[in-house]
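Okay, so chain A shows up in both of these, paired with chain B first and chain C after.
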Partner chain A sequence: MHSENRIGIFLCNCKKVLSKKVSFKELLAYFKDYKDVEYIEENNYLCNMNTAKELEKRIKDNKLNRVIIAACSPQLKGTFFKNIISESGINYNLISFVNLREQCAMLFSEEGSATRNAINLIESSIRRTIKQEPIKIKTTMIRQSVLVIGGGLAGLQTALNLSKLYYRVILVERNNQLGGYLKTDYFFEGKNVNYKELISKKIEEIIKNNRIIILNQAELIELEGFVGDFKATIKVSNMNKKNEIKYLNIGAIVLSTGCQNYLPADKYGISLSSKVQKLSQLADIINKKKESLNNINSICFISGIISDDQRLQGETLLKLSLKLAEEHKIQVYILCKNVFVAQDGLEELYQNARSKGVLFLKYNKESPRIDFKKDINKIEVSLYDPLLGVDLSNRGKKITISCDLLALEELIIPSTGTKELSEILQITTDGDGFYQQGNISLQPVFTNRKGIFTVGSCRGLKSVVQTVDDSAMVSLEIHNLLKEKRIQYKLDGAVVDDDKCILCLTCLRTCPHKAIQLVKNIDPNQTRIVINGLACERCGLCVSHCPANAIVLPRYKNSQIFAEII
Partner chain B sequence: MKGNKKNDFTPKITIFCCENSAYRAADMAGTLGLIIPEGVKIISLPCAGRLEEVHVLNALEEGADGVMVLGCLKDSCKFLNGDTRTKKKIDFLKETLSDIGIEKSRVDFFNISPNMGVKFSELVVEMNEKLIEMGPLLARKKNPRGRS
Partner chain C sequence: MADKSVLIVGAGIAGITAALRLARNNFKVYLIDREAYIGGQAISYNCIGVENCNKCSVCLLQRRVREIEEYFPNILIKVNSEIEEVKNSKDKFDVTLKKGFSIINPDLCQGCGLCKKVCPSSAITVSHPQSIPRTYKVNPENCLKINGEEDCRKCIDVCPFRAIDFNSIIKEETLSDISAIILTTGFEPWDPTAKAEYGYRENKNVITASDFKHKLYMNGHICRPSDQKIPKKIAIIQCVGSRDRSINNQNCSRICCGYGIQMGRLLKEQDPEVEVSIFYMDIQPFGKEFNKTFNESKKDFNIKYLKSIPSQITENEEGKVIIKYENPRNGNIEKQYFDLAILSIATNPAKKFGKLAEKLNVWVNDSGFCEIPNYMQGNKTNKTGVFVAGTSLGPKDINECIANAENAALEVMLYLNK
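After this line comes the complex of A and B, so read on.
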């Protein structure tokens, strides 16, 4: 079966730069009569398009079946060479690279040492390339529909974007109405936009759209399958309390479950009353029961005790205080550690608030002391401001404020059910319970499972603008994944050898991407482990952890690594 | 450098590099013109997590005096926990090696990110000095097929 190995080596001296360190004459002489090497040549400038085209001719003339490119780092030009050489009929896995520039010529000092290393590297590459086998390409169908979980702004916007890209969208919402967090009175008008109008426009648009199916009062209860072919089970509860179970086949999933407010009252050391209110409660009062603000002269906001970075809470706080100062002529004090204005429009809002008479007071480590003065029906708050001067104990100047109402900043936590959903979907969450994002700058909307994306505040609080941007990004990523009905992928993912597998399920536990599945059968001998080629990210963790050595990663087999080690 | 007996020995170091971080760091070290000692061999892996204990042992058996495994920085592995899993493996391996009388510090795991070219060369030079002090590894095959 094994035909003769005919290896071609193409050296590149990178416009004679490498010739200073590596003696190419020596290399040519050494490998001329080397076993299995059919052809070797030195090039001046291999990545030039014309030279690269000539490679094809050389390969055909010499009937080469394996190629080694000894040039710059494969990280730079690897795909370029692979694409060009694959056209001449050589499987991409039979093309090997030797990092002659970065990791040989430039990394070793003397001329002799670089040449010796080059010989060593090419030798091991020859040994390795003989062990490599061609890798086939497989085609599978991808389902052209998307499941969006959560009907807040993020979910609605993503569903609209996707429907414009001609995908069928199923929107699942737990409550009986769409709109989510933005429908509550907590949000105030933006600079030029009224958020409530914005959301009701979107809802109207969604209901009219016939590519979007809305399932109210529905929840995902089970998920099977992998990217491109998820099988989701959805429970829909009706008005007459009859639960309906729906089975859907979908290509990708978007999570837009959002976040919620939570007040850890124990951290403040006081309990809520008519005089002490949450920020969101106060917002409710301003929007609905304006008359109750009539006999209030001063309000004190406390921020920064529960969390240091509450940028977006800061936005609400500034807007709220501005509204109180402008419309109701109430004296507002804001006690904070730092004012966060690192966002579009916040600096202006801060300046505006100051000019309208809102007072900002800074405290350091020591939290403000709160006293209830029952005789005068007021609350006294005292703090040490380090900016206004320093007293003997070096704590800052002591300031006491008496106010009628106290408003406390809340913590943002993931919405209820996030944990349960993450268990159903088998995706990881971070320390605060939000969904874990991928690489923070390269793959922010990805989760650890391929085909499942997150959008909006379910990965930490996002502003309206950020959420809309985020949903555009998710839509593009999904379009990238689903744009072709038939997707081609290389069969170089991990493969299980059923004869060796002892069903210990170690790989099932190890796989960070949950690409491994236990396929059960009534006959226990037929039960086996299957790795999904599309969901597998080719990291090789399962391979190294398999106690029975039953899993193989075709591009990094043990035999190949051993051949390179020597 | 001739004449001094200690300096006649050039240690052979095998470095297993994660393709996503350490391999790029090595590329960067080259681009920056940093110089590393001669007997270094870099082998790339898709993730440090692909490494098995047997690869390290094989490298030692076939001629390497020291083995370095370089993975991503903590919590920034593309595959979530490849680096921590490998660190555990290497820690275990070190104990096993010391049980059979081989110095622990011949094998080590380091975290590195793709832009740490300088750190890469520093680590290699440090390892080289350590190995020169320790001398060649004597416990190995009679006729290693390894590098001459």
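After this line comes the complex of A and C, so read on.
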């Protein structure tokens, strides 16, 4: 049964500011006997709590079923009015806004045009609001468990945080031990921090925790379902090489797969040997095979050739060189463009290293030249340092260093398997291969799929403190998503008309949020496309791409849009 | 069911983030700030809508400031307030606030602006263009009543909320039963007058980065303070007040390289013919995509980078800034003329943080920032129930502050849910 339209229009002159340009008298007269308009009034200060409460009374008295608020920008007060009016029983989709401030009063210099524009906007809003339909709200269950992939610091910290917020956590680690990057010898003890001790404590805490299940030597191989109800398939390799497949139902997924070192040897133009080593290899040697350093008198580090970003290396470099100079009495040269000190305590380390005899040489544009002198079994590195003086060609003073060992700086790239995992999970990666953030600064821990989050260095290199902060952020975002076991969502996501759908699967390929699913059935007539309302972000891409016009967004149907713009 | 209450001292980006997160999880939050508005340092910056996003992250703050109004009963904002006294019994705090406001009471003022209209000497202005709560203030220099004319009471009579009172200036208020305190007092830009050779204030055309932001905010473009002309040749000087033995601050201030490059890019984007030179010591990479931004600024924007820190800045009669420096290409001492010099100043802890820390018995390190006992619980102070976040711990950019404040909020939640 088609019920009668009873539209109420509430105008606001924003403390008489808008009435300078827009003639409210004219508006009142024009819409008084307008078709379907039941009630119209002008207000001075509509967003005042007291006036807003009277709205409810007006709506009930006049039995209004649709409301138009013609005031300032809906971005400013939209949610406020929607909340207040929804209390009086009007569906939020039947409330529409006309922006009299930015789109009328501020836009025109003379009064006539502003008023005319206001009339036009309100008229089109009336035409549209008649076509709008109420949107229902659906409630679904959401699973209270989280899958964390990667057992590095970020993964461990996130798992601990989530367990303290009373969620069940399944921690999946590819290797047979937890700890990740911090377990390797690449990290050195800082001023008052012992990374290894710290990570061992975390692992102990995790093992004791009965809300966390740890799966070592396990990998995610398949994922189905949507936010709140993912179905993950996990392959666990056992000691006797028998693979075990586990099926898990989870509410959300956190990726903490981290990063790794990589040496692009071609960029240096030399190959690795016992005389030329990666920075990480050298770290290993210092920690494990100290005796091999006995024959070495001088070491040269080269940094800054492949990348200007040496945040991780900066710290390691300083600590390493300090250790070599102090404990092994080795002359250390550090060739770099910039010394990285932008972190807690690094400036102190830098000063300390200099006082212990570590030499810092800064080259400018030209990269250092490396020569192997086989006759004296040494490596010669030459560079131009402009700070030490000038030669004829204005390049700075030429300095030649001969050393026994060369250590090269490495790049930081995403860890192996990041690409494969991103294909399984259908999430996007950025230009460097790291996982793409939802929005570079607005939604750092989100991905393009709802319910899948990233944490730590798998999104770009992060320091230990930053990683801890990041895992707090991701835990709280997950808590926000899962804290109510039954969540409500509006059914205004895209909907497929099964009669029109020709199963071309264009939408399946188009959807950036992977919210569309092909539900197969033995009977081909029963096979159909389903869009998950919770995962759908209402972007409307599938609507515009569908060749059969089978998909609609309930709030933005063609008929509604055309009614507004006629 | 907001039963436990948390006091957040300082309503900057960190304070606001923590407040929102705690309110979302059913805690009652008192958000206090000594200024008349919330938003802290970052509210005075603004996004300059240029073609390429410079990732200044200022939009993050404005979004959150708007959001905070929606949590009205759970977040109570108290501006113009400072902590006077803290009493600690068991795990509860009783905090006495000193509220000093000048004439217009921000608790009562609804921001209608009627007083501004009637003021005969236009002494009443908005405290800040984007301030929330939108309150007005009286400028004592222009006010007729303060300057002799006792009979003028136009603003007092017109105010419908009776918020204007020339007698009451200082008031005390006690918040009791506070379960946890988060300190987010933030930073203060370093005062460059201490570095006399740069002649800040003596030379009119030497400005700081915060002056720069303020000027852009007010005018939409940058102009020379001496003659209001648009400068064509600009120098940006890094590391002013940081990594400097002569002023006893050896620590790197971290964020200056990022914002120095950002300033250069902004200037170039507004007018590609402007010549921008950046004097630096070491470029400190900061955040994701720093490399890209840095290389772009060299190649696409043609910003000149000079690895040299100027030894002296003077100004001639025409207003040209003369910078004396060692040319990194040939080692000669040279002088260059610029229209404008911008100092990338370091960040210092808030001045009153020391006193506040004393009242709460919280550790402070040598640089004046907060000292934490446990490295892995980066937001817990030595005092139980007192937490710290944001730039009170050391220099941070907006994104880091947000992540750090989230961590503080989580630690407070876990502490109170025990």
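Just so we're on the same page, the second predicted complex is superposed on the first by the 562 of 566 C-alpha atoms of A that agree within 3 Å, B and C clash if a C-alpha of one lies under 4 Å from a C-alpha of the other, contacts with A are read in each partner's own complex, and residues count from 1 in each chain.
Everything that follows uses one rule, which is that contacts are C-beta pairs under 8 Å (C-beta built on N, C-alpha and C of every residue); 3 or more make two chains touch, one makes a residue touch a chain.
For clarity, every value in this text was computed on a predicted model and none was experimentally measured.
In the superposition on chain A, A:G460 makes contact with chain C only, not with chain B. Applying the stated contact rule after C-alpha superposition, one finds that A:T428 touches chain B and leaves chain C untouched. Taking chain B and chain C in turn and counting the residues of chain A each one touches, the greater count comes from C. By the touch criterion defined above, A:F108 lies against chain B but remains apart from chain C after alignment on the C-alpha atoms of chain A.
After overlaying the two complexes on the shared chain, residue contacts for A:Y489 are found with neither chain B nor chain C.
By the touch criterion defined above, A:Y34 lies against neither chain B nor chain C after alignment on the C-alpha atoms of chain A. In the superposition on chain A, contact of A:G389 is made with chain C only, not with chain B. When the two structures are aligned on the shared chain, A:G540 is found in touch with chain B, with no touch to chain C. Contacts of chain A with chain B, set against its contacts with chain C after fitting on chain A, overlap at residues 76. Of all the residues in chain A, the ones that touch chain B in their complex are 73, 75-76, 99, 101-103, 105-110, 113, 116-117, 120-121, 124, 428, 439, 448, 510, 512-513, 537-541, 543-545, 553, 555-556, 558, 561-562, 564-566. Residue ranges of chain A in contact with chain C, taken from their complex: 15, 76, 79-80, 161, 164-165, 192-193, 198, 307-311, 337-344, 346-348, 351, 362, 364, 386-387, 389-390, 394, 396, 440-442, 444, 459-460, 465-466, 468-470, 472-473, 475-476, 479-480, 483. Of all residues in chain B, only 14, 23-24, 26-31, 33-36, 38, 40-43, 45-47, 49-52, 54-55, 58-59, 62-64, 76, 78-82, 85, 89, 145-147 touch chain A in the complex they form. Touching chain A in their complex are the following residues of chain C: 21, 24-25, 53, 55, 57, 59-60, 63, 66, 70, 112-113, 243, 250-252, 254, 257, 282-286, 288-291, 294-295, 307, 328-331, 375-376, 378, 394, 398-400, 402-404, 406-407, 409-411, 413-414.
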